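Shared between the two complexes below is chain A, which has chain B as its partner in the first and chain C in the second.
== the complex of A and B ==
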């Protein structure tokens, strides 16, 4: 049986880096500028920084983060709504841990919890069903934050809630879907990205063909890639190769998990529970058809139907925090004046410094200057 | 939320539940999204759910392509 640890073979990785740098230098010779690539997915941001590959390839490629950190792209008004929900008497809010410290206009879930709100961190949405069964007098609100990869898990959870006749559970669906967000990005006047590294686990659900439009309509090369060091070096190499040859294709480098059409079972579950709706993204604004709302059959599980919520005022930090620019690949964390000086993981001013997949928190943890290369000055 | 690393199925618990090994700890994951999971399979996990099986053949093939490239180009 093949041993997956082969993917971490240092001798192989070393040769791959060498070949990739050779290729990058050829692209530099040809275009006279470092190409700008976007790693759309937050897990890729972590992989590049933690492995050191971002710094290693810094001379040949400018790697920017994109809108693929679900906590980061959640809009300020949605965060404020979540805070309002957490204050409702009798409500227990079940959320993935990353949401806890995201600053809203005047508070955060962490602060609300300290003031008495019942907020529980879950790892899997199924835990919310157990919570609902054990606390029949409370209303469990499951915070649905995530992309195409998370939505099937929430769909299965709601199907199970219905089957088990658990009625004190609802979902506040802030789910977002990638294709229309990428279209909005690609259509933007300021878009200046040469190639895209697509989210591997979103593609595992949707199939890599769902990203065809990037190459066919927008003529941008793109790869679907996994998260091992092997995968991310392969991704950069493949994109450089396409740039050198002047090609734009969608290449699937994650064939061990991703197929052309994706996970049909998961797609069916999602389609049974959700329908496309509009969503507001931090940075990108409102994008039609980029959200997932509960279908009428499941409307009884919609939090906003049970509890109509008013929205509070906008954040005083909204103008200073540059998360929005970051999520569109316009800047890197170093270019935010607050990065590391005022905004730190202990005092996060925006979600990009809170989420484990947020570019600011990732760069804070892993990307340091060696004092000579000026890595964090570019 | 994205574990990003494959985990191996140790045993199947009941319908839609598999026990996997994560850093030598046995964790139960839901397999409703991935029919036909067997003991020994590698799975990719997200939010407590298996989202796909890992094809070892495809992984081997990806490495073979690189080895060829390094040797001959």
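== the complex of A and C ==
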């Protein structure tokens, strides 16, 4: 059996990098251009930058980040609505930490908290149940921002709330699901993606078969991969191999976690509580069937039913912020005029500079390259 | 320490801070009981310290930590180590310390006694005298338990002249042991994870005095507390002129426990707090000697060289295990847990 400890053996990894570069050069010879690969998941963006793999492979592959950071793809109007909810008297907003500093049109949860809003950072949605039980006079609003990975935990929280008859809890579900967002990207005519590195965590829940359409309909090679350095180099190598051979398949390189059909128990939980609905993605716009809304059986837990928020027209996006283009893979952070100049982690103008997994924040923190060599905007 | 059963069930009252009879009782029964020394016991409004013909080093720091008792220490030990270590990495010999407590009404008396005991034990270990103190009690809910401020005074030995201006290309960068352990231990105990790891909270003055006494090669030292090793390195790189620091990821001493927790929660050990570590910049020819001096002493056993100084423009560059390079920047904002 493969020894997992070998995955972090520097000698082995260096050899893999070398072989991948050789392979990449063969692809370059064949196609005469650097292939564009998109890493869909924000955790992969971090892995490429933190390990330095992105820099090492710069000459052979143009790696773009995709719409896989949940905070980043949350639309401006949804963030404004969250801020509005946080200001409601008697509401305690429970959120994952990443949302705290995301700028809305004129504020952020961090600023609202300083002004007196009760905003608590949680590690697991189940903490909200405890919070609700301990604060019976407050309304706990659980902020459901995430993908297929986070939805099961929210679902089980609501099932628990119902079982325990906790009624001072509700969920503002901004959950999004990947397949239709990827279809929207692949249908886009603005630029061509040559291969996809699929989100390993999402695939662990949905199973890798849920991504079959990428190969069968769009004829694009894709791999499901884990997040170790070993995993991401293997993924690039596998994609290059497929390109060289002219193949398009979905390859599962994360078989230690991901199966064909995924986590059936988690899927059942999600299906009991949520149904597919439309969602607005930053950059990609409204995509049908790409959101998770509460089923009628759980409507009583819907925050917007409990607190009808007047939807004010969101002010236009921070004028020059290009998070939207970035999330579609059209640009890399260097191509945004604000990046590193005005927009920094201390003064983030868009969500991609806030989230630990947002591409701007990741490039800012880790990347040595200034992106001046050979990154054409597409 | 042996718990004093006489304190069981007793709580701090607002009157303990009003300057009257209860304040006196608190001072005598809790503070003087441990801190007793010739200077303190004179009971004057200001401590009178012996004259000194060397430059004086002085530093102050306030301590808030949640939980107040954590694996490997408590707020009292932290409050003494933090100030001692700031003196130590400046090259000074720590001599005197003052301490001011702000305590929440209702705080457990036995907890206060335990904190005072660990301050006393730590001060004794460092050869420090506690020369002055203050206590305030605030209404319940005004603060979270107890806050402590300490101010330390040290004396700079002859011939010691540390400064980031001394850092030159070719110098080596040393760390005195495993990184990120305070951050992970406190976070784990806050969140109720059970892991086999203690905070590294420890006084470092013995180590700094040993290397300064036995080697002329020490250029500059810092203790990488809040913001971790990465932020501390970046701060020094910004202040120094025309240098980059190149750190080898392969050489970074990180325990398996810290690595695992960081992977699980999405933290980077390079940005987690340490409370008992020294980052030292040393002349290359003295590096081996300084490392072996540090390894001989308690809290320095895992000392190693993690990188070197090169000509540059203020960047901290981490050479990853596969030979890639990434930048290390200042920590920005509070460390926030990941979402998915």
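Convention: the second predicted complex is superposed on the first by the 358 of 378 C-alpha atoms of A that agree within 3 Å, B and C clash if a C-alpha of one lies under 4 Å from a C-alpha of the other, contacts with A are read in each partner's own complex, and residues count from 1 in each chain.
Criterion: a contact is a pair of C-beta atoms (placed from the backbone, for glycine too) under 8 Å apart; a residue touches a chain by one contact, two chains touch by 3 or more.
Here the structure is a predicted model, which means the values were calculated and not measured.
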Contacts of A:146 with chain B and chain C, given as first, second, both or neither: both
Touched partner set for A:125, first chain B, second chain C, both or neither: first
Partner chain in contact with A:36 - chain B first, chain C second, else both or neither: neither
Touched partner set for A:265, first chain B, second chain C, both or neither: first
Partner chain(s) touched by A:255 [first = chain B, second = chain C, both, neither]: first
Contacts of A:201 with chain B and chain C, given as first, second, both or neither: both
Chain B versus chain C as contact partner of A:133, first or second or both or neither: neither
Partner chain in contact with A:52 - chain B first, chain C second, else both or neither: second
Partner chain(s) touched by A:229 [first = chain B, second = chain C, both, neither]: second
Contact residues common to both interfaces of chain A (with chain B and with chain C): 43, 70, 96, 98, 123, 146, 149-150, 201, 357
List of chain A residues in touch with chain C within their complex: 8, 10, 13-14, 17, 43, 49-56, 70-71, 96-101, 121, 123, 145-147, 149-150, 201, 229, 233, 344-346, 355-357, 364-368
Contacting residues of chain C [partner chain A, same complex]: 191, 250, 265-266, 268, 315, 317-327, 329, 332-334, 336-340
Residue ranges of chain A touching chain B (in the complex, touch as defined): 1-2, 4, 6-7, 12, 15-16, 19, 43, 46-47, 70, 96, 98, 123-127, 146, 149-150, 152-153, 156, 201, 204-205, 226-227, 230, 234, 253, 255-258, 263, 265-266, 269, 357
Residues of chain B that touch chain A when the two form their complex: 1-2, 4-6, 30, 32-35, 42, 44, 46-49, 51-63, 66-67, 69-70, 73
